[in-house]
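What follows is a set of structures for review.
After this come two complexes, each holding subunit A, first together with subunit B and then together with subunit C.
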Partner chain A sequence: MQKLLIEKTNSTPFISFDAKARLLEIKGESYPENVAKFYTPVLEWLQDYLSNDESETTAVEFEILYFNSSSSKIFMTIFDILEQAVSKGKKILVKWICDEGNETAIECGEEFKEDLVHLPFDIKVY
Partner chain B sequence: MINKHFRNIKKDNNTIVDNNSLRIVILGCITIVVALISMSILSMIITSNAVLNKLKTSDLQNMARSISVFVEGKIDKALDISVLLANDPTVVEWIQKEEQSRLEGEIVQVKMAELVNDFEYDVCFLTSAVTNHYWSYSSVDKEFVLLDTVTQTDSSDMWFFETLKMKKKYDINIDHNKELNDTYVWINTLVGDINQPLAVSGVGMNLSKVINQLIEDEEENEINNDILLVDGEGQIYLSKKPEYLEKSLTEYLPGNLVQEILRTNNLESKFDIADYETPQGEYFDIAYKKIKNTDWNLIVQIPRADSLGFLKAIIINTIISCILIILIIVLLFYFISNKIANPYKRALLLNEELEEKVKERTKELVEKNNRIKDSIEYAKMIQQTILPSSYDMGKCLKEYFIIYEPRDIVGGDFYWLKSHSKGYLVIVGDCTGHGVPGALMATAVNAMLNHVVDGICNDNPAVILYELDRLLKQSFKMNHNEKFISDGVDLGIIYIEEHKVIFSGANISVFVVDGNKIDEIKGNNCTIDYISEQQDKVFENYEIAYKQGVTLYMVTDGLIEQPGGEKGYPFGRRRFTNLIEAASKLEMDIQSSYILNTIKEYADEQIIRDDLTLLGFRL
Partner chain C sequence: MELSLYEIYKELKFKRIILCYSGPIAQASIEGVGSTLRRNLEIEEAGNTTKLSVFSMFIEQVQNVLNYSAEKLSKTEEDGNELRIGVSVIGYEENGDYFIYCGNRVYNYDIPRISESIEQVRNLSKDELKLLYKERRRMEPQPGSKGAGLGIIEMARKSVIPLEYSLVKIDEEFSFFSIKVVVGRH
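Right after this comes the complex of A and B.
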């Protein structure tokens, strides 16, 4: 499966989805003008990836400094997709990485975590 | 303005190019001149050293030796001839017979004449110790004559009587004849047994003539050397320079060198070599040696300037070629730098053209941008009309302020107010997105709110939220193509009726400030949208105790989450709570600018990310 690599811009995060390494990374800020356009390929890739038979654990890392509410909804959609996959037996571990000075990011991570039942969701504060 | 600026840059660029080429030319020339000069100086030193070395070890030696071989050869030959004459039996017999035998006398005469005429001697003489007769044949008289009869009393004849006593076969004398102003070599040979000699015979040779002949030969070869003939006392008897003649060597040469020359007893054919500097600073290289069998000195000297003279030609040639090379290099550099400069000029022209194109495009873009901006400005007017007027606001809320700053002229944020006979509803909303899509959503949500409040419920915030969520799903889901995207709206609703305050929120909270106490009542953590699969959405009502002077604030996430500070992190809820607390102590009408300024100061150079809305009012 081809790697998905999107360079960082001011309003969109760096995205690296590597099927071989089983590491999905989203890092930076997210407030694109057109959330749908930016994230549709990301979500499609993700669904593709999860449709493959894979028994090993996949690591998903989020390190987002700022995101707007539209992005927040997209992140929730991503977590929903992952949650469904986990309930179907996939092994996935989400790491929500944030600086201890970024109170909003920590809070948002906690809110996401509250909404999730099956998906392992670690908040790593450094 | 742009044009002027551009022209300035162009001018500067040209200057830079010109300065550079000039600098390259100068630098190149200096490098080459330095290299040429240092190379020339170095080669000059090496060459002059080598030439000097060769001059001293070889050239001067060879030159001097050829001169000495010539001179000494002549003397040796004269010596041989003298000895032959002295040993001639006819001569011996003629002398023994007291020159009486006429036949023998004629033979002697012929022999002596032959010697003078054939070998170019000046004089051939024969002086008998028996008769004391001095016979002579000279190249001048060409006659065999009895010139004199020597006597012991005549001082000028003393040489004869001393020669008889010398106890060796021959003696060579050099003396200077003042009357003739010539220097002669005299070979005196004893005839018969050296212990009891019969006579003294020999030849006289004009040494000046011999050496002058040499000098003439060398003048033809343009050799500027000098051949000196110096006696044992250091007197100069022969030189090319007339002023040297009959002067002492010490007048011209340093004393220690003269002593060295006079003391030398070099019997080998090799010359001694030395050099000296005249008071005028001229250098001379000098070769000297004794003439064989005499105490006279043969000196050859050559001015160093002459032997190194050809180096001058090298210097002149070097200077000329230096100048030529510099000239060529300057031209070459000028040509090259012009060729180099040309692309710059072309680039500048190209730049100018591109600049023109950019200007045209920019103009087009500005026009398009203005059209869009106008259109959005118009949209803003429409959005303003759906927002409650300040009159309506002032009628319901005694004291209030509103911050309403859409990021892109229009936005997804809105506030809403409706009063009826029992009470009134205050709402702050944040539709996902901002700009035109946000505004479209906001308009739609506004209409739905009106529909819900007018037709379904106007006094229960939680019910209003629930109904709005339902209505939104109904209205939007049918035409929805996007698989993943869910637009929606966050809302905070406060209903106030007499002494009752009820709040319900979807992702929006209310801050309640009562004196020094601040409480945040978070609404439910679920948004109103049209795709969410979440079926168990529950919106709850919270009752806030009514108390006069209590201030309520409802805010959208734009203000709370605006990035800024050193690390670019969002402002944050804790900081925002503190800000509200601080602001609440101020008069209502300056709170808005205080809060907005604080947030914008925090944002510093970070762009504003979202629409900013904050409604504050006092009960």
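Right after this comes the complex of A and C.
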């Protein structure tokens, strides 16, 4: 499966989804003009990846300094897709990475975690 | 000179306005003004949370203008690159808290929908707002809505006073809508 690589801009994060390494990274800020348009290829890649037969653990790393409310909705969608995959037996570990000085990002991570039942979701503060 | 910029400048200073943007808004102007705003808050030594909250309120408000302002500029009807007109004002209250205002034209027929969306949230407690935010985040988007419908709830969550807004009739077709959020200085 081909790697999904999107360079970061002021309002969109760096995205690197690597099927071979089983590492999905989203890093930077997210407040695009059109959230649906920006994340459509990301969601499509993810659905495709999860439909493959893969038994080893996939690491999903989010390191987001700031995201707007419409991005928040898309992130929830991503976590729901991952949660469904976990219920079906996939091994996935989400790491929500944030700077200790960014209380907002830490709280946002906690609010996602509260809404997830099966998906392992670690908040890593450095 | 017909236009006294000094009078405008003095008025802005007197009202403790840090930054004022009026006119066509595009994603590029949002990113540019937003990053200048962040640098300004950094120099003022606003705390990290305050800085991010002011920036985030600015983004939610001006992206609303981009999605909903009834005043548009475009060459053709189907032009995807249209510009929307709005006003954004950021400054601080006497006690040091930051205010973030935004305004734009709206169609009169949209007034009930706009007032309802604000009235529904403006008196809720922070816990109730959190629940509503989470519930709305998992809901399918409303038909005709370009955003997630979370912006107003997010504003109410961040504001230290209940959201203030006004709708002033311009003519039979349009009114001017403005909204104010106050972010505490930590």
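Quick notes
As a working rule, the second predicted complex is superposed on the first by the 126 of 126 C-alpha atoms of A that agree within 3 Å, B and C clash if a C-alpha of one lies under 4 Å from a C-alpha of the other, contacts with A are read in each partner's own complex, and residues count from 1 in each chain.
One rule holds for everything that comes next: a contact is a pair of C-beta atoms (placed from the backbone, for glycine too) under 8 Å apart; a residue touches a chain by one contact, two chains touch by 3 or more.
It should be emphasised that the depicted structure is a prediction, and the values quoted were computed from it without experimental measurement.
Contact with subunit B, but none with subunit C, is seen for A:43 once the two complexes are overlaid on the shared chain. In the superposition on chain A, contact is made by A:70 with both subunit B and subunit C. When subunit A is checked against subunit B and against subunit C, the one touching more of its residues turns out to be B. By the document's definition of touching, neither partner reaches A:17: not subunit B, not subunit C. Residue contacts after overlaying the shared chain place A:103 against subunit B and subunit C alike.
According to the touch criterion, the shared surface of subunit A, contacted by subunit B in one complex and subunit C in the other, consists of residues 31, 33, 35, 66, 68-70, 73, 80, 101-104, 111, 114-115.
For subunit B in complex with subunit A, the residues that touch the partner chain are 430, 432-433, 435, 482-488, 490, 507, 525, 527, 529, 533, 557, 560-561, 563, 567-575, 609-610. The touching residues of subunit A, when paired with subunit B in their complex, are 29, 31, 33, 35-36, 39-40, 43, 65-66, 68-70, 73-74, 77, 80, 99, 101-105, 107, 111, 114-115. Residues of subunit C touching subunit A in their complex: 27, 30-31, 35, 48-49, 52-53, 55-56, 59-60, 63, 66, 130, 134, 137-138, 141, 147-148, 150-151, 153-154.
Residues 10-11, 31-33, 35, 66, 68-70, 72-73, 76, 80, 101-104, 111, 114-115 of subunit A are the ones touching subunit C in the complex.
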